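Which chain is which? They are A, B, C, D, E, F and G, in the order written, and residues in each are numbered from 1.
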Amino acid sequence: MFRNTYDSDNTVFSPQGRLHQVEYALEAVKQGSAAVGLRSKTHAVLLALKRSTGELASYQQKMFRIDDHVGIAIAGLTSDARVLSNFMRQQAMASRMLYNRPVPVNRLVSAIADKAQVNTQEYGRRPYGVGFLVIGQDALGPHLYEFSPSGTSYEYYAMSIGARSQSAKTYLEKHFASFADCTLEELVQHGLHALRETLQQDKELTINNTSVGILSGPGSSFKIVEGPELQPFLSLMVPKADPAAPAAAPAEDVQMEDAS
Amino acid sequence: MFRNTYDSDNTVFSPQGRLHQVEYALEAVKQGSAAVGLRSKTHAVLLALKRSTGELASYQQKMFRIDDHVGIAIAGLTSDARVLSNFMRQQAMASRMLYNRPVPVNRLVSAIADKAQVNTQEYGRRPYGVGFLVIGQDALGPHLYEFSPSGTSYEYYAMSIGARSQSAKTYLEKHFASFADCTLEELVQHGLHALRETLQQDKELTINNTSVGILSGPGSSFKIVEGPELQPFLSLMVPKADPAAPAAAPAEDVQMEDAS
Amino acid sequence: MFRNTYDSDNTVFSPQGRLHQVEYALEAVKQGSAAVGLRSKTHAVLLALKRSTGELASYQQKMFRIDDHVGIAIAGLTSDARVLSNFMRQQAMASRMLYNRPVPVNRLVSAIADKAQVNTQEYGRRPYGVGFLVIGQDALGPHLYEFSPSGTSYEYYAMSIGARSQSAKTYLEKHFASFADCTLEELVQHGLHALRETLQQDKELTINNTSVGILSGPGSSFKIVEGPELQPFLSLMVPKADPAAPAAAPAEDVQMEDAS
Amino acid sequence: MFRNTYDSDNTVFSPQGRLHQVEYALEAVKQGSAAVGLRSKTHAVLLALKRSTGELASYQQKMFRIDDHVGIAIAGLTSDARVLSNFMRQQAMASRMLYNRPVPVNRLVSAIADKAQVNTQEYGRRPYGVGFLVIGQDALGPHLYEFSPSGTSYEYYAMSIGARSQSAKTYLEKHFASFADCTLEELVQHGLHALRETLQQDKELTINNTSVGILSGPGSSFKIVEGPELQPFLSLMVPKADPAAPAAAPAEDVQMEDAS
Amino acid sequence: MFRNTYDSDNTVFSPQGRLHQVEYALEAVKQGSAAVGLRSKTHAVLLALKRSTGELASYQQKMFRIDDHVGIAIAGLTSDARVLSNFMRQQAMASRMLYNRPVPVNRLVSAIADKAQVNTQEYGRRPYGVGFLVIGQDALGPHLYEFSPSGTSYEYYAMSIGARSQSAKTYLEKHFASFADCTLEELVQHGLHALRETLQQDKELTINNTSVGILSGPGSSFKIVEGPELQPFLSLMVPKADPAAPAAAPAEDVQMEDAS
Amino acid sequence: MFRNTYDSDNTVFSPQGRLHQVEYALEAVKQGSAAVGLRSKTHAVLLALKRSTGELASYQQKMFRIDDHVGIAIAGLTSDARVLSNFMRQQAMASRMLYNRPVPVNRLVSAIADKAQVNTQEYGRRPYGVGFLVIGQDALGPHLYEFSPSGTSYEYYAMSIGARSQSAKTYLEKHFASFADCTLEELVQHGLHALRETLQQDKELTINNTSVGILSGPGSSFKIVEGPELQPFLSLMVPKADPAAPAAAPAEDVQMEDAS
Amino acid sequence: MFRNTYDSDNTVFSPQGRLHQVEYALEAVKQGSAAVGLRSKTHAVLLALKRSTGELASYQQKMFRIDDHVGIAIAGLTSDARVLSNFMRQQAMASRMLYNRPVPVNRLVSAIADKAQVNTQEYGRRPYGVGFLVIGQDALGPHLYEFSPSGTSYEYYAMSIGARSQSAKTYLEKHFASFADCTLEELVQHGLHALRETLQQDKELTINNTSVGILSGPGSSFKIVEGPELQPFLSLMVPKADPAAPAAAPAEDVQMEDAS
């Protein structure tokens, strides 16, 4: 491969004004298994595909509780995710201890975005190699944010990150107009159908490989639904329409060690 | 591509006395969507094209309030913009707390220019990859500044930055002689027509992709007009004269991840 | 060999979003001699192949006691293992002194994973070149974790690391369903049979080259069984079924100086 | 272009004992628009060509007041000029506050020369990319200094820096013998004629593109004359003798972004 | 020679998970003259070949007393050995002063191994280029350790390091079964015969080129036997069996400046 | 030119044990205009060729007073000279303030030599690019030292540095035997004749391009003689013997910006 | 010359376990003029060849007094020698002030060896480029040490360093057996004859180019004999035997600027 001379240091611009190391970090996110997030006027849900590390372990955890009112799903380097999510927990805890209130969701998301921006500008550290979908509930209602290692965070109605997330996004774009008034159950169904789009042709969502994270309204706590508890949701899903349809390009599905 | 050996470090001059890393940072600004600023004797307005990140999100925010009397529009790396605009807010807040007065606009602009200059001269950090149009109101009346990652800031009667901003500048140069005595409504119309010049042939300004920022005179506060509120302004625009005219070179419109 | 230009610094991503230095550190783990861990509902055991440094020394130590309720088996660079295990002991001791209780096992494992993550992101240090299997006993029962130099730690029912560990994993996957209800003796037998799979064709487990680490239930202490004490366990093993079966690929067994 | 291997770091000598990075910084000065300085026994004046950034802005500021008795004209990187001129203002202010007197001009010039020398010898910073003409009035009468990014400062009877400054120097050398006894008006006329020599064939000095800085004697303050106030001076100029003369080599006139 | 791109920095792994700089440091040890160590149940002895720096000096010192109960023999860079042995002496002295007891031998050896490990992982220092054989006497009886610049230390029954040490190891492996019950005199004889194996064909152990270090039991002090005192031991040696046997590969015997 | 790979860092030895960066710094000295120093038993004088920067400035200063009893002449980078001479002045002043006596000349010279040595050994700074001739008067009589950027200082009877200084040295070597008993006037005449040897064929010493520094005995102060005051000395010179003699190799006379 | 890729940094081992930068520093020592040291049971002497810097200076100083009981002769970079000898003087002075006794000679030599070792292992500084012969007198009698920039110091009966020192060593090896019982005069004669061996064919030892340093017994002070005082010693020398013998290889005699 031809050597690109502007990509070996995150603090160097290419002649086109691009930061290659940041773009490569985004590749690490794309290699994590997919996660989907969506919200209605009252609820927010996360859905994620757990990647198995073989039969000898439980599936890898893809969702984490940050505080009662905030949960995240991750895609990318697991160790970077742990460091950043611990930082979020500390921020959330500090808010409760210092100000006696839950941290506003957008402040929490800005805090990790600022932390990530530093690693795109200063020498001595690589960018983080993980992306988050963050759902939270605060005085303004439910929120869904995408955090990216480029140091940005955007609010979305619905979003997907990770491997084959484009397929999930296509589903979400087709249906997102109706999400605002969905019941929690309907939101979860939409999310599961979107998530299923990221699977390879011969795979199915199961109670083992799927996680659902729920914030069901003001005062409720972030709850992760996994295993048998998940069966009722999966049973409600519409069967795949066209089993003979060609699978998504497998090239997108290259697996990376330690990518969630 | 031939390797330019003087461009991999922002602290190295080329034999021609140029700082290539700074020039590449300016490229990052050129890849952000366009923003336009103009002022009369009494008012100052910003107009910007919001870039969609798909249907699943609101358009990206292009304008930010710094203080009651100051607002900015950005073009370039969103995460760098957030860091610099937070710095501006802190400066503005410090002025109110320490001196009990709004910060003079030129002082605020010099502060970020100084901050940016350091990154063009010292090791350990790349230049910032974002440019600002800043409007502000102070004892001297309305102001419009352009801040550039090269560490400079100039005052303008009217200015445009970002993708295809040359087309907007051409419009502004043709009409700027009349801006001084414009009403607020006339200023906004001129700004919208200038901004429209940066669109590709088949695109139009809409209430979704356009932001207008207004400082309407002494004592007023920076206000961002978006969405339905914007319709009256758009409705007043003169239709495009020549729909068959060739579009601007599409090469200039390459989109960069995280560029506003 | 063709020069890969993204692998000489652990803080640089490749265009594919990979951290080559981290992957090479994982190679150092694969070159250590094999270790196996498994657990039932009540017990957890470690089994490891000690590598001889010749007849003039005892076999190299492969297992270490961290605290009464925690033990580890290592694969990779011995000196890195010593540094990290000392760090674990300090953490365990601090818990007893500050909080008057044994450190929770997952906290102990997270602590070294965080420590290892830093070396995958910041300049100035290479990643650690050693992996651990950690067994521990706490209020939640017995645990088995794998720690990897990538900065991750996963909990497993059964796991193997080091040279030819894939063969042991194959054995474990075939039998792990039955581990939950095993007696301690049965667990050890399963572990020994899995460990034997990592041997070259003409080698056998002996009281000299095998270590067994046992946590036999609440209140018990981590105990290493070696030498003559080990004979009863070895005597119970089922003889190898097919001595004529082809050995595992010897290429995987390249030995590295100072690899355990 | 053949790669010169001694020019990528300002702290490295070439085999010929040259500091290439310093020489390249001098190139940045040569790309700024021209400035001229001259003095009589009693007065000192600066004259500079303001570079337009288009019709949308006032011309860029080329002269700055440092203190009542000191003013400068700059050529080169504007952001570096701002940093160094702020430093000069602080030095001047400190002298008034600590010693209750205006800072001696040569001390002020030495201070920035020392600051610039560090950047030619120590790692971590590039040399400054800007040159100054400094005029000042003190007990010894009027002074004219040239400050260069090489860390030197020389006193002159008359001097010019920036693009095509050689043409201005030729004029000054022809007439400098008569400067000592010039009236202020005569000095300005000589300066304007020298400055005009730096223009391209088809350009003229106007009230928009020309700045004049004046120190008219003991006790007077540095004053910048621009715009309509400048007309009387321009009206007195002798028309260009030979409009058909060939223009100076255009190659010298390459414009650099942010060069004054 | 083909350039190996992973060996120029001690903190970089090769794709095979190897640390080349550490391996090269081990080469420095192999170029020192040989040392042999062995122990019985009650005694421990060191034997080493002193390298002459010509007739004008005494032979170089190969053994050093660390404390009454600990002595070392070195192979590799003499200056590194001096630094590390001084560190050991400080540790030993600190133990006596702070805890009023001799430092446990394994703690002393771990201390330099930890010190050496840092130089295999952090930037800014090369690995040490020296190996030690350490004998010590403590409550657990006599000990023999090998310290290596890779940051490891192993306990041995008998060991040899330095040039042609493989020949000595072959001797030791043939006879080590009998060492446990040897008298001090028998241990020394075995050691001398092992050391003689490292000599080139035409060389002999003499009272000038041989050092013997002795720890003769609990309460005894480390004693170095050299010169005439050594004659009785040498006189007892069995003459070389086969003077016509081919010498060891001379390639292993390349001499390095400052290697002991 | 063939790339010499050992010369890009002052802290690296070449295989021949040379420090190329130091040698290149000596080249910078050779490109300064010449200076000559000589002493008798009672007096010491400096003579130097001032380099013109064109008609618009006085000639550049080549001699500096450090203290009443010490003066220097410089050759090389002017900005480095200013930094080092300021350091000498501080040392001299400190001696008078702390010890109430003039600083001994050899101590002053050692101080800058030590300062310069650091820049030949440690990273982060290039060597100084300037050489000095230092004359001083103390209890031991008059002294003449040469300071070189290599970090050395030697005492001389007579010496010359800078461009074409070899020609001056040839003159000095021919006559130095007689210097000890010279009168001040005779010393100056010898110095002027030596200095003239460094001129190009068609140049002459004039009151404008020549500086003479004088220390005329115990208790006298360093005095610089320039301009009209110099005419009597120049008038006494013997006319050049052979105007048709070929000039020295012009290649040696390449001028460097900012070289004195 | 073929590029050796392991020699550009003193902290990197070559694949053969060598430190090239250290070896190149030893080359700098070999390019200094020769020095010889030898001792009897009661006396120690140094003899060195002073290098002329031309007729205009005294010969360069090759010997330095450190304390009453210690003197050194140097070969290599003069500026490094000055730094290290100043360090020795401080150590010697500190011993007298803190402990009220002369510093033991071996401690003094170890101190600079430790200082030099750091520069062979840590980044940021090159190794020292100078070697010393050190003679000293203490309770144990007279000593002769060689200090080398590799960070080692060995005691010798007699030794020579610098250019063509091998010839001197050959002489010393032939005669050193008799040195122990020599009178001071005999020692000096042996030293002078050894030193003469380092001269080129057509050179002779003279009172100008030779230095002799003497420590004549307990309680005596280090004394340097130079100039006319030296004549009696030179007069006693045996004339060169074979003036027609071929000179030593001139290649060894390459002179380096600032090498003593």
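The criterion applied here is as follows: a residue touches a chain if its C-beta (ideal position, glycine included) is under 8 Å from a C-beta of that chain, and two chains touch if they have at least 3 such contacts.
Given the structure is predicted, the values throughout are model-derived calculations rather than measurements.
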| item | value |
| --- | --- |
| Joint neighbours of chain F and chain B, given as chain labels | D |
| Rigid-body rotation angle, chain D and chain C, from Cα fit (steps of 5°) | 155 |
| Copies chain F and chain G touch via same or different residues, half shared test | different |
| Chain C-chain F separation of Cα centroids, rounded to whole Å | 71 |
| Separation of chain A from chain E, taking each centre as the mean of its C-alpha atoms, in whole Å | 56 |
| CA centroid of chain A to CA centroid of chain C, Å | 31 |
| Multi-chain contact residues (two or more partners), chain G | 9, 26, 123-124 |
| Chain-level touch network, classified as line, ring, star, complete or other | ring |
| Round-the-ring chain order [start: chain F; next: chain G] | F, G, E, C, A, B, D |
| Partner chain D, residues of chain F touching it in the complex | 1, 3-4, 7-9, 20-21, 24-31, 53-58, 60, 76-80, 82-83, 86, 119, 123-129, 254, 256-258 |
| Chain B partner contacts - residues on chain A that touch it in the complex | 5-6, 9, 11-19, 22-23, 26, 110, 113-114, 116-117, 120-124, 148, 150-152, 154-159, 169, 172-173, 176 |
